[in-house]
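What follows is chain A paired twice: with chain B in the first complex and chain C in the second.
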Partner chain A sequence: MHNRDGFVDITDVVCPITFVKAKIAMEEMESGKILEVKMNDGEPIQNVPRSFKDEGHKVIQVVKNEDGTYSVFIEKDGL
Partner chain B sequence: MRQVQKDCFSMRIRSVGGQIGAEQLKKVYEIAQDYGQGYVHLTSRQGIEIPFIKLEDVETVKSELAKAGLEPGACGPRVRTVTACQGSAICPSGLIDTSALAKELDARYFAKDLPHKFKLAVTGCGNNCLKAEENDLGIKGGMQPVWDKSTCSLCGLCEVICPGKAIIVSKGDKGDKRDGNLVFTQEKCTNCGKCVKSCPVGAWQGKAGFLIYFGGTFGNQIAVGKQILPIIFSQEKLFSVIDATIAFFAKYARPGERFRSTVERVGWELLEKELLEKELLEKELAETVLPEMELAEQK
Partner chain C sequence: MKFSQEQMERYSRHIILNEVGVKGQIKLLESKVLIIGTGGLGAPAAMYLAAAGVGTIGLVDADTVELSNLQRQIIHSTKDVGKPKVISGKETINDMNPDVKVMTYHEWVSSANITDIIKDQDYDFIIDGTDNFPAKFLINDACVLLHKPFSHAGIIRFSGQTMTYVPGQGPCYRCVFLNPPAPDLVPSCKEAGVLGVMGGIMGTIQASEAIKYLLGIGDLLTGRLLVFEALDMEFRTVKLASRTNCVVCGENPTLKDLIDYEQRACEL
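Our next item is the complex of A and B:
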């Protein structure tokens, strides 16, 4: 698993709060740092990484967890 | 549409892709206030109907509509309202410009007389908000993805978002991405374009095109439209396929028979054959006519 500087779990919220919660966590990070976002399969994995792309942050790695969730490692302002 | 109330009509307005100008909407409001009962009905095909228009007012209402560039919609055995989502011009998921295409389809085919109703729809991507497969002919935006190894970071995002499971990313034995690879299986690809939209490094590039579905119905009979051709990239070719489909329907359908029933009766193979023949003919025409045109231009 990738090194991380911050972590947020968005498996406890649903759209549209998923991205809002992840975005707020990203705002607290410094540029170049890595945020790990734990999210559910389905709509969150389809949409949240793409929304981060649109905001200029770079997905570094995607890891599938044993419980069926995903951990997505995103570099702030990486694009 | 004739209402159950005597001499009352629910006035259907021609619409394209579910869009109407603000000024036009104002006119609809005025007509509903002055000639209807002060409300409108939004139809299942993105149109507007103004209920309770009296028979004696129908002509006046038509001329009022015309002042705002509006006209009555189609019912009966002909090409109906062309529906569309907002497409790539507005929607982040859109792969094709659905609104522009819907306008073109409306201009070419709206209200064309046929043996039965014929419904056209345009949806911008695989999310299918406008239900391409429910229509006699439905168009869905698609994308043919191409992977560039040199820019890929092997992050694995495309693998987890691919609905067809067409992509497998391997990190290599020691987890070192430089040893890794990506395997793409074309046959499993649904042309949804999600890999292209999501890729953080632009390693997936794609060419947008049209997926066409034939013979959907969602009324008394339920049948899902079938995709019998591969993705089409040129709009001209798309129109040639639609022309051939409509010609096929007009040629083979019994009066009052829905397109799906016609195809089921005469055979899907025949439809496929005629579409491909048309395509071949177009190719021949292009080959024979184009050099002559060039010559003419040179003169």
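Our next item is the complex of A and C:
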């Protein structure tokens, strides 16, 4: 897996709080740093990475975990 | 400041907006808005600002709730009849959003108290939700002299108008309307009907202007008067210019002391 500067687990919340929780974690990071977001399959993996792209962040790696969740590594302001 | 789980949920639809985000929501929570008049305009404005998480809301009104208010002043309920409007308003806000601190001023604004009320919490933005010309001119003059932005609105029958004043960014209310009309030209109480929703429409626009100003986003109604006619269901905006000889905001202002104009008391 990619190295990371911050981590947030959004598997415990549902839409729209999924992106909100991840977004709050991202706002606390500096530009260029990498945030790992752990999320569920389905709605979160379909929407959260795309929402981050819309806000100018770069999805650099998506890892499928053994428990069916995903770890998405996002570079702040990377786009 | 850190968001609690509850705040994250409560404000999620704001935080998702790029123009608001976490920083904007924190800004709202740290903002202070004064609402003068908790009637047709002030009631909906106060409720939306409270729901939005504006951290400090001041309510100014000397009146008590009457049954005839409830057709439009939706912050008050039937059980509140007889209660001071500022108390009834505070209770509604407290029930809706515990993040909001409500300051109450159970008095009419006048030249004697308006400066102290605005300075009490050093409010960031003022909403004129009053129903009479003397108060509207007083609020304008006080805001210009204290360099405070404010939203003006007025409603009558099926019509409404609103404009926003921001220091240095366009005309004040007095640039446009000069002086209050003679008291005998103002409709008497019996003539002054108003469709209940008018306060909701115009008061909510005032709340939108306050939020936009606090967040520093979008274009405000500075230098523009928005006029709404409910019967035609038409909005139009009229461009407004500053008056260089305005007595309060012009190049050589002569109005330094606030004025209490005379007008028959009339409950709109």
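Before moving on, here are some points about what is shown:
What we mean here is this: the second predicted complex is superposed on the first by the 79 of 79 C-alpha atoms of A that agree within 3 Å, B and C clash if a C-alpha of one lies under 4 Å from a C-alpha of the other, contacts with A are read in each partner's own complex, and residues count from 1 in each chain.
Criterion: contacts are C-beta pairs under 8 Å (C-beta built on N, C-alpha and C of every residue); 3 or more make two chains touch, one makes a residue touch a chain.
This structure is a prediction, so every number in the text was calculated from the model and none was measured.
Applying the stated contact rule after C-alpha superposition, one finds that A:Y70 touches chain B and leaves chain C untouched. Of the two partner chains placed by the overlay, neither chain B nor chain C lies in contact with A:R4. Contacts of A:Q46 after superposition: chain B is touched, whereas chain C is not reached. When the two structures are aligned on the shared chain, A:L79 is found in touch with chain B, with no touch to chain C. Using the contact criterion defined above for the overlaid structures, shared-chain residue A:E55 touches chain C, although it does not reach chain B.
In the superposition on chain A, A:K21 makes contact with chain C only, while chain B stays out of contact range.
Which of chain B and chain C touches more residues of chain A is settled by the count: it is B. According to the touch criterion, the shared surface of chain A, contacted by chain B in one complex and chain C in the other, consists of residues 54. The part of chain B that touches chain A in the complex is made up of residues 92, 153, 155-157, 159-161, 194, 197-198, 200-201. On chain C, the positions that touch chain A within their shared complex are 3, 8-9, 12-13, 15-16, 18, 21-23.
Only residues 41, 45-46, 49-50, 53-54, 58-64, 70, 72, 78-79 of chain A touch chain B when the two sit together in their complex. Put simply, chain A touches chain C in their complex at residues 16-17, 19-21, 23-24, 27, 51, 54-55.
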